[in-house]
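Note that the chains take the letters A, B, C and D in the order they are written out, and that residue 1 is the start of every chain.
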Amino acid sequence: MLIVMDRLATPAQIESVLDRIRSLGLDPHPNPGAQRTAIGITGNTGAIDAPVLEELPGVLEIIRVSHPYKLVSREVQPENSIVPVGGVCFGGEKVIVVAGPCAIESLDQARTIAEAVKKAGAHVYRGGAYKPRTSPYAFQGLGEAGLEIMAKVREEFEIPIMTEVLDTETLPLVEQYSDCLQIGARNMQNFSLLKKAGKANKPVLLKRGMSATIEELLLSAEYLLSGGNRNVILCERGVRTFADHTRNTLDLSAVVAIHRLSHLPVMVDPSHGTGKRHKVIPLARAAVAVGADSIMVEVHHKPEAALSDGPQAILPDQFAELMEQLGRLAPVVGRTI
Amino acid sequence: MLIVMDRLATPAQIESVLDRIRSLGLDPHPNPGAQRTAIGITGNTGAIDAPVLEELPGVLEIIRVSHPYKLVSREVQPENSIVPVGGVCFGGEKVIVVAGPCAIESLDQARTIAEAVKKAGAHVYRGGAYKPRTSPYAFQGLGEAGLEIMAKVREEFEIPIMTEVLDTETLPLVEQYSDCLQIGARNMQNFSLLKKAGKANKPVLLKRGMSATIEELLLSAEYLLSGGNRNVILCERGVRTFADHTRNTLDLSAVVAIHRLSHLPVMVDPSHGTGKRHKVIPLARAAVAVGADSIMVEVHHKPEAALSDGPQAILPDQFAELMEQLGRLAPVVGRTI
Amino acid sequence: MLIVMDRLATPAQIESVLDRIRSLGLDPHPNPGAQRTAIGITGNTGAIDAPVLEELPGVLEIIRVSHPYKLVSREVQPENSIVPVGGVCFGGEKVIVVAGPCAIESLDQARTIAEAVKKAGAHVYRGGAYKPRTSPYAFQGLGEAGLEIMAKVREEFEIPIMTEVLDTETLPLVEQYSDCLQIGARNMQNFSLLKKAGKANKPVLLKRGMSATIEELLLSAEYLLSGGNRNVILCERGVRTFADHTRNTLDLSAVVAIHRLSHLPVMVDPSHGTGKRHKVIPLARAAVAVGADSIMVEVHHKPEAALSDGPQAILPDQFAELMEQLGRLAPVVGRTI
Amino acid sequence: MLIVMDRLATPAQIESVLDRIRSLGLDPHPNPGAQRTAIGITGNTGAIDAPVLEELPGVLEIIRVSHPYKLVSREVQPENSIVPVGGVCFGGEKVIVVAGPCAIESLDQARTIAEAVKKAGAHVYRGGAYKPRTSPYAFQGLGEAGLEIMAKVREEFEIPIMTEVLDTETLPLVEQYSDCLQIGARNMQNFSLLKKAGKANKPVLLKRGMSATIEELLLSAEYLLSGGNRNVILCERGVRTFADHTRNTLDLSAVVAIHRLSHLPVMVDPSHGTGKRHKVIPLARAAVAVGADSIMVEVHHKPEAALSDGPQAILPDQFAELMEQLGRLAPVVGRTI
């Protein structure tokens, strides 16, 4: 941590800041410069809130130097983590493709889509049983019935499944059925849910919140790892900006940033990231080109009749075409599909 | 709902869209214009996701006309709602001032601050027992011990209390102790928590999410009202933008916007809204000047030793000065303090 | 400037960074910490781009300590600047109210509005002769004819005038007619225009760009002061965010932030800041309550027929009511109107 | 245009709105719905500001239906525009790679970099002679001397050149030397410059403003086309968001959005779009994968000594590696390099 003193700070003000630092059990290292004094701090600064000192007289600003996360950091573990989901490994050479409907609507719908995506080469099947909906009047998902349908799909098509967990009450149920617990963007800072998921026996897919920084995403992941669950996949799914031509603005630079800071695998979700069908395929290609370890794509055979997010689902034929494109693209970045 | 057709849409494409609308049990009303055709839709359009039709050939865009919320709407209830919290009424002529520490740290700390804010004229006491913290290593609150301390403060100083509820597990406990359930910004779209709070017997303070639109905030409130709880206060506490001189950007226009759309009372939290002590008083004044029904301010007698968010807490003396200023300001907008 | 080394940086990498700093004629001060080494730099660091060193092996990040602006800084001039505009002083005890139409449309329109705002107590008259319009097909302003009309208004109603200057070609003409050169948000980083305005003999009103940080605004003002023009007023007029209930999000905390960093007076424009008539008066009150030195309000007697931005103009009667409210509000913050 | 009336609007209010529309010479088409009345408007609605009617009693909101741009629209010209720059065609099958230093610093520096990028396969050479700098104390470019150096590079290496034009004064000079006039993000709404560039005899590269919507970018391009210059290339270079891990957030979905709305070619600039060297190559790949017609990359052989934006420049070796990767990637999207 570094404290920058005002140009006009008096020696007494500087001395008072040094005293305060010592009183916190830390070591101050004053650095008088031509224009102003900066004070470095060593010791366990993680224990104090960075800005505690910001309002002392003569202090211009406080600059935090160490990152506040540990277990997720690439400094702690330089090599990539490999996260297995029902036998499929995220974070290795293979780019993992997760596909399926936004919401499970019926066994028939789930099977039809599963058959198509499996045939086209998808590695994991996704589907929503519990749906977070902005409006209380919108379709909220089939609940446990949806989980049972997904389990049948897994058995019939021999494909791992992942589905969203909305709250701590239903977590044990989702954990029992699903190969991976998906925590959505709106729950990225639902710390009670993170603590429970940190104790779960299944891997967790953690989506970036709509206005979360990379550091906040990594700190939420730190809740999971510090709880004991080291099998965590992170997911970029678009952030909220002024731009109105997409539902969210997909921030593909996040993939590179996370890979630099953390050893955890990174997925990209171009379906939620754009909210528009015609943008899904181009941005799925871009996600693989930028270096994502996985992509998640919503597929529906009758999107105009879908009960949730139909407009962002691509058709089975389009998915097959996407897989074909990715098969040619992956080798350019030293990957396979 | 209105469907705008492409300038180049063919008659067959238009006819196909009309058929689709009729197949959904709705009535299409084509409006051929000089440049393009627009198709109005009447019937219960609330039941379909707006963009379901967006990808049909020849469709340029879909425009939703009705608001998706009902019970929170001023169209449904033109007069202001009055929400009582432990005998104090939010939404009336009086501007309600809620004050207290970010987190309850000890009985001594809680009492010291309560005595000061009560004496200065605060109407409701706030304090955090369960704290949502970005880092798993930060102070997480005293839990039930904190609730007990708050209850003692209420008794001793005869002041209603409000505190944050973090999850459905602890909701019954918080409901038992607190006069109002505060749902934080990170939980604004925690729909499981909203559903439970909609069944609670205590009023709810619902804070706007860091990147939530007014419509999303009102839809989250709709979860509460449609669950049966009509005692809801909304709170603007800053949104996330590119600006880096404050922790969040306080959006005071939200007060006017919500008052226009909804009958619910609106609070402003300049402490979280700015994250900087020296900005709290000016923006608290601005909040009352813009027409807020209430403000919430963090106060701490030793902010540099606070276990949470010290830098945004004002001192008891500053709080007293703020109350004095608000006492002169409120009449300008036809209110009292 | 501070260089933070990676936890895993080797001694050789650290040595190499020290060498590089010395080669730039600066003094490195290494600070070995428990987790990593930080290197302070003293000397004239302003001459190098901060991130030049960021990509050296072993470097984690670069932290800039000094502010890059000088003349606008309160460190250089602790007391407030007073900026005179045609005899009216911005930055003193009096809150200056600037009012008038968005665009000058005719002598008749300009006179009607001037008479109303002058009578209600406005101190300066505003109006656009050259209009920056998003669309090439929108009304672009009357040009010099508009300036002539404004000059007539000044003479008849004995009120200083201010109007926008769009480019370096028309700057001499605007300088000749207007008491103040207004530089709009879209031109905040039009550096050629800033350089010319820095040489002008009239004060400058510089509006914050739609996505400009406070530091960028101050650096643009630094162009003016370093060019020799010390009479600069800064203006907050809303920034661009995801929020869709207003045209822009008015960032009132900017007033406090600028006052802390700079000695220049600060204006707030709630008309552009909201884009909605019914929000102008509440936010104008809030601007004065937060401590603005001036507000600028668009007034039109027939807004529904205005050639530009009609929906954000308030009516003359509303303006008179606003002035009455501000007259009662200003004393609360130790000001007069 | 569509006017949506309030649910509680009276028949008299509706009638009054209809009258107003007729008085503007337009035709109103009322559409009484179950919940509220919507009024379609036909006629030349482009001539009126959309929100002029928004404040009439009983009006809930105004919805604009037609796009306000014409010449840039794909509705007007369905086939892609091909824009030639010194013999190199933007918008065809070939993905055009523009490379060079941020700023021209010397003939030696310019030649060294030109030789490297030409050898690696770059199609156009870029370099800044006039530099827009946030700080008045930063290097402002060599001016005409820089243009002369670029002309020499063009001759020696037989490669077209493009450089930024900052203002109307230097436009004739830049037009004389450069094969393409680059208008930077900060000048996207410098309408005086756009008008002049619309009359120029050279193609224009127009960069998206840091907080510009796609519609605003297209309207700025409309200034150019309506001025007579049909040779326009658009460029996505990152927008401003809360995210702090990159200098800007590169919005690759913009490429797809613009291609859908307009016939103009689209470039992506991953150097400014990220501001970090290690992110340039991954995002350049992503840009081609998403369908960009061109990319612009900053290259410097000694980035740590560069006078401007060194940290985002890649090294000549990295550029050669990028070209090799793009050569394999382009065929996946049906393009060549």
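One rule holds for everything that comes next: a contact is a pair of C-beta atoms (placed from the backbone, for glycine too) under 8 Å apart; a residue touches a chain by one contact, two chains touch by 3 or more.
Computed from a predicted model, the values in this text were never measured in an experiment.
Rounded to a multiple of 5, the C-alpha superposition of chain B onto chain C involves a rotation of 180 degrees. Chain centres here are means of the Cα atoms, and by that rule the chain farthest away from chain A is C. Put simply, the C-alpha centre of chain A and that of chain D have 30 angstrom between them. As a whole-number value, the distance joining the C-alpha centres of chain A and chain C reads 38 Å. Inter-chain centre distance (chain A to chain B, centres taken as mean C-alpha positions): 26 Å. Under the contact definition stated at the top, the residues of chain D that touch 2 or more other chains are 211, 239-242, 244, 278. On the chain B side of its complex with chain D, the touching residues are 2, 4, 6-8, 29, 31, 33-36, 38, 40, 42-44, 63, 65-66, 75, 78, 240-242, 244. Of all residues in chain D, those touching chain C in their complex are 20, 46, 49, 51-56, 68-69, 132-138, 166-169, 186-187, 189-193, 210-211, 216, 219-220, 222-223, 226-227, 239-240, 275-278, 303-311.
Per the touch definition, chain B reaches chain C in the complex via residues 211, 213-214, 239, 241-246, 249-257, 260, 273-274, 278-279, 282-283, 285-291, 325, 328-329, 331-333.
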